[in-house]
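Structure below; questions to follow.
For reference, chains read A, B, C and D in written order, and residue numbers begin at 1 within each chain.
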Amino acid sequence: MADKTVKKVVLAYSGGLDTSVILRWLQTEYNAEVVTFTADLGQGEELEPARRKAEMFGVKEIFVEDLRETFTKDFVFPMFRANALYEGQYLLGTSIARPLIAQRQIEIAELVGADAVAHGATGKGNDQVRFELAYYALKPDVRVIAPWREWDLTSRTRLLEFAEAHQIPIAKDKRGEAPFSVDANLLHSSSEGKLLEDPAEEPDEIVYQRTISPEAAPDVATVISIGFAQGDAVSINGETLSPATLLTRLNALGRDNGIGRLDLVENRFVGMKSRGVYETPGGTILLAAHRAIESITLDREAAHLKDSIMPRYAELIYNGFWFSPERHMLQALIDTSQHSVTGTVRLKLYKGNVIVIGRDSPHSLYSARMVTFEDDQGAYNQQDAAGFIKLNALRLRLGAAVGRRGGAL
Amino acid sequence: MADKTVKKVVLAYSGGLDTSVILRWLQTEYNAEVVTFTADLGQGEELEPARRKAEMFGVKEIFVEDLRETFTKDFVFPMFRANALYEGQYLLGTSIARPLIAQRQIEIAELVGADAVAHGATGKGNDQVRFELAYYALKPDVRVIAPWREWDLTSRTRLLEFAEAHQIPIAKDKRGEAPFSVDANLLHSSSEGKLLEDPAEEPDEIVYQRTISPEAAPDVATVISIGFAQGDAVSINGETLSPATLLTRLNALGRDNGIGRLDLVENRFVGMKSRGVYETPGGTILLAAHRAIESITLDREAAHLKDSIMPRYAELIYNGFWFSPERHMLQALIDTSQHSVTGTVRLKLYKGNVIVIGRDSPHSLYSARMVTFEDDQGAYNQQDAAGFIKLNALRLRLGAAVGRRGGAL
Amino acid sequence: MADKTVKKVVLAYSGGLDTSVILRWLQTEYNAEVVTFTADLGQGEELEPARRKAEMFGVKEIFVEDLRETFTKDFVFPMFRANALYEGQYLLGTSIARPLIAQRQIEIAELVGADAVAHGATGKGNDQVRFELAYYALKPDVRVIAPWREWDLTSRTRLLEFAEAHQIPIAKDKRGEAPFSVDANLLHSSSEGKLLEDPAEEPDEIVYQRTISPEAAPDVATVISIGFAQGDAVSINGETLSPATLLTRLNALGRDNGIGRLDLVENRFVGMKSRGVYETPGGTILLAAHRAIESITLDREAAHLKDSIMPRYAELIYNGFWFSPERHMLQALIDTSQHSVTGTVRLKLYKGNVIVIGRDSPHSLYSARMVTFEDDQGAYNQQDAAGFIKLNALRLRLGAAVGRRGGAL
Amino acid sequence: MADKTVKKVVLAYSGGLDTSVILRWLQTEYNAEVVTFTADLGQGEELEPARRKAEMFGVKEIFVEDLRETFTKDFVFPMFRANALYEGQYLLGTSIARPLIAQRQIEIAELVGADAVAHGATGKGNDQVRFELAYYALKPDVRVIAPWREWDLTSRTRLLEFAEAHQIPIAKDKRGEAPFSVDANLLHSSSEGKLLEDPAEEPDEIVYQRTISPEAAPDVATVISIGFAQGDAVSINGETLSPATLLTRLNALGRDNGIGRLDLVENRFVGMKSRGVYETPGGTILLAAHRAIESITLDREAAHLKDSIMPRYAELIYNGFWFSPERHMLQALIDTSQHSVTGTVRLKLYKGNVIVIGRDSPHSLYSARMVTFEDDQGAYNQQDAAGFIKLNALRLRLGAAVGRRGGAL
């Protein structure tokens, strides 16, 4: 049995049934004063109901904050500078939100003098790891309470019984079991569990919350341009926008064109495979655009070095190591590369497709004169290629000369 | 001036105007006996005209070969086991064909006793490197002739004058300059140069040869299944197919659904950026399917290790190091991982989209019992997560305890 | 409290006090039949006393095995093909022994129908991880008992009390606390703990068990030659030797010349730093010799690829992932590289130094003709270097031309 | 024939015979005004004779500079932060000096309005690449003259004839051929060629210039301490020293104790293997000390990340890409890691050995309380290890459960 001597605990509180049960459970089981923290990360829900519910539970210190700009500027954008994709495909929408929530919980804990923090993530998933690694990295002596790993409310029935016994209001549609579980923020929404547990079966259309299907999208393409400055998107169609406003606009553009759906079996940090359905409409557009602006502004080896460390960077974020020395080091490498990643990308959005149709930059390294099939006026001496090839081939020739043909070892 | 004492040279001969000029130029300038080698790699052209033209030029040893199965089985498929993408996007369609052509040229040179080989690649591109690295790796003392780096036929006008002076037939549509340059094989077609030299401009629809546009594709999705055995695709919709036949079918499916277009600014090995338009209809489907079957059959760390070495593997192939010790070593690593990559993937093809809608395998590592939100009957002990997190956090806590909060260094 | 329904358990048994206490504790606390497994991995102790002790405790199935050849051939040598060093310095002597012990325990468990295995590693170290990851990888449903994490014999006093209460003989020198803890096998001996816990203090000379000090070593160098075949050492001074015999000889040579001491602060997988003193006399010689034979037989890029994956390979072994997909994949890459790593290395051993003084191979890639300052008779055309440099510089020049001098980004 | 329209050329001038011949050759063959640049990088030679010789040749603009502090502070120390070793062994002493010389040549060229630069490196080595890549990266339109690749003075005899014909004084000991070639600076001296061309033969003792042999070193160890601040060495035995002074002292300490000799077959960037004998007395001590201070101050994953990119970083410097985007990016990553690498290391220097005997830091991450075998007062909960192992094992167990035992794929 966990040690229950906790005085004050900061709970990441959504206002939903599950975290309301947690709130009450912390009050009754731990006899602790609960401080609630509810953040708007762009999940698309009203926050005021969460405040009112917290008040109803007698919470005295209630924090309700709009973190959309911070989230986009300090978490989403740095990650997109890396073109991060977990396992080649996943844009890390859930992973990137956890460190910010955890950071604010710790800041609030220090502000209000709380000795503990609590979250509503289950014991099987990645989110518990992400929350807790961030807590510990920021406040090494903090007490962490993870009710889902501790309590005995392990079935839906018992959870509802607890809720009823403690006067926790239950929305009608929460009486039955949800057919799948959802997480959402400004970058994405994810769905997993139950209905989605068989990876051989296509997800039902009802799963999708953020996007219309490619089939339902307009028959005519939408053309947009995105402006970048030093690696970050700063404008759409010439209009300068704040980070969160920009991402919100891209989400709308993506949603309307059926962009950003992903049905994936991925590998969790805790060791098993899971199946998730992700919708990242704006992020999908942003990744394509960022790669395109890098394609003309980034040196080859700079780009290849970024590509070579990207899988590790993405893995770190997925696993919850945002607040780690190695993430800071990789971020320094990545950020150093972005000084000239400035310019404009034009894109065509059409029924699930993001098609780059133009890139332009004041810092372009693309030289038409160098590459042309036409007369290049001496920009490039084709004779140089002969020596270049000869010396690149030298070790292969020396190998073949002693019997190791074709690169045999 | 290059040393011109060559007796017999094996030319990679397409039958087109350029390589016909090269053929005649080798005969006249080098006074060498030319042996032609013309391969069907799925470029979609008749080969017999090349034979007849070679005969017309007095070539005595003419090799015309259908290499589509070898190309797919021994080059394309091993590369797809790695999920190889150059610079995150390019499926390496041109790069992967060059080593096979070079290999056959060297084999033929040894068969007919030739002391030299020649190719028609220019001095600015990657293909000269790919051809010549392969030549040297396979036959270190071979003499390589790269006419485009040597001769003075540097303008279209002079080339045509040479052709006329030497009775080389010029197709009417070759009189004028082609608006762009094309390379094609069973995996892809690429277009570059001239019309495409401004990366700020969208390619004209006439550039596309292999695919209809997403807009022109059917309004109804096509659903297919692809079967894999040990990492390679072996069947479509349950029908077992040879490698080249399978890829040909996928190409048709991709073409009809507007799949596999890519407009890219890439970094050449010889040092400049270039803009290419690629069409890889079947390959684009194959990559998505291979990743999907791996997602349920490959261990997490095996998959991550593959992802971490993939950029280097792709770079090697792009740069022309197929026949190198390091490619063999990486291939050994990759192939070792594929023993259980067996099963079936279902896909929806729709207007440019390749959407995975199901994966199934007798060797699946996905365990619904392990991951379920429901009662897992003890498959997973949620308490284990607490210790797992604690020890993963330990170094972060020790750091924070001495003042390095949040992973500060 | 751990579930105690175990019928039969295979214990890794050294015959010493600690594992004798474990043996009895398993019999009394678990009421389980204990099967002992005692292996000679070259730790330099008699095994028969362990057998007699086990008999004394009423153990019916006793396994005593000499695994020195298997250990060297199938574990040490494959690892040395990789030039593996953990954190740049540690030759992984303890890490590499654990998987073999675990493997035999599992094989014996299956042979005798045991449902559990047990080891004597503590809850703070790496060895518990190495044992248990191997157990689980080989027999996923095995029950693992780690007494040091379970029991209440947490002080030396209580352990001795238990021993006395259960008629376990206690050697006189074990009454007091050992001043440090030792692990040994044919590859190395390690010392850690207590006396060594302050990394600011030099280890006392009494810590060293396997080597004399450089100061005490002879004033005259010993010159030896080591023969390699396909990456593995096969002979010393021309005499072909079995793997374990060879390593034993190298250990003697190293010991006598004060070679192979290492005083290190390292990072454990479980999250803290620890200080260890290692003695790897033969292994230190072997690493130098293997690098030397590779230096003339391995292609540059093959060598660099090996170097680039080595830290990860070493980390895997250190962390206990010998029996993992990723170790198998990396091993395939490494082994592929060793086909021509054959030849002879001459070395001078002198007071702690291992000095390479000659390398020779029938497969040497070193070409005196190519490298000579003298006339090379056309082996190398210095003009090629100009083109090689020009194209390697091209991207840097294009960058500098748009204002990014000196590789600025 | 190279284009010879050069007006003014900045020559890297040592004052020795070879660069004196180059100086005169540039004057006569190119009819160019030559500006000489002679730098003291710690090679241990007088610079004034070079000035007088340059005057004798009628050079009007003569630059003689002491760059030892810049060399150590801005080139050697940043490199040592990475623990850089090329091919696992070489401390890059020659490689790291070239970019600084090239940088000053370009700065001088811009100062004096020169259109060209020239160096005395041969066409077979790495140094030509290092000089020229740096030139081009800093001044993309510069004209580079590499006399050894251009002229016809390809034998010693012809070089001496040219010298005599042009009144170039020839030191008596330069009449005959030197038995090997030497490069030296404050970090190291290297010897290669002729006498050293057979890698099966031990170098003669006369080759060594910087160190006495281990055999000749004192029979009593020298104990020193080195202080570090933010990754750089700042003091010896408590005395704060400038970078170059510190390295000079370490060189003396290393020389007197027979430390820092390396006899290596390495792989050149231009494609062949070569054999070099290096002496890096101070650098060898510095590397050991830096690793030791990192061992207690650097987080595990920070250290492992550094180790994983180190081979690539070292390769970049070896190949001449100091002034490249990718080197700047990696440097940013490395420098970020060094903020807390502060403290003191004690070392014993004895007959070729550098033995760490103590490390201490105000930012130490080593926690005796955490690691102790004694009672740790709850710092570490051994139960956590069980969960840690269980979840790390989960994927291996899932694999074994479907028949992939022991990490089989």
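The criterion applied here is as follows: a residue touches a chain if its C-beta (ideal position, glycine included) is under 8 Å from a C-beta of that chain, and two chains touch if they have at least 3 such contacts.
Just so it is clear, the model here is predicted, and its values are computed rather than measured.
On residue numbers, the B-D interface is repeated by A-C, which shares over half of its contact pairs, out of the options A-B, A-C or B-C.
Spacing of subunit A relative to subunit D, judged by their CA centroids, is 42 angstrom. The mean-CA centres of subunit C and subunit D are about 31 angstrom from one another, to the nearest whole unit. In subunit B, the residues that reach two or more other chains under the touch definition are 267, 270-272, 299-302, 304, 312, 321, 324-326, 328-329, 336-337, 365, 367, 370, 380, 383, 385-386, 388, 391-395, 398-399, 404, 407-409. Viewed as a contact network, the protein chains are fully connected, with every chain touching every other. Interface residues of subunit C, counted against subunit A in their complex, comprise 299-302, 336-340, 363-365, 367, 370, 380-381, 383-388, 390-392, 394-395, 398-399, 402-404, 407-409.
Listing the residues of subunit B that touch subunit A in their complex gives 83, 87-89, 103, 122-124, 128-129, 132-133, 136-141, 146, 148-149, 154-155, 181, 193-194, 197-202, 214-215, 219, 221, 261, 263-268, 270-275, 291-292, 295-296, 300, 303-304, 307-308, 311-312, 315, 321-329, 346, 348, 350-353, 355-360, 365-368, 370-375, 380, 382-383, 385-386, 388-389, 392-393, 396-401, 404-409.
Residue ranges of subunit D in contact with subunit A, taken from their complex: 267, 270-272, 298-299, 301-302, 304-306, 309, 321, 324-326, 328-330, 332-337, 391-395, 398.
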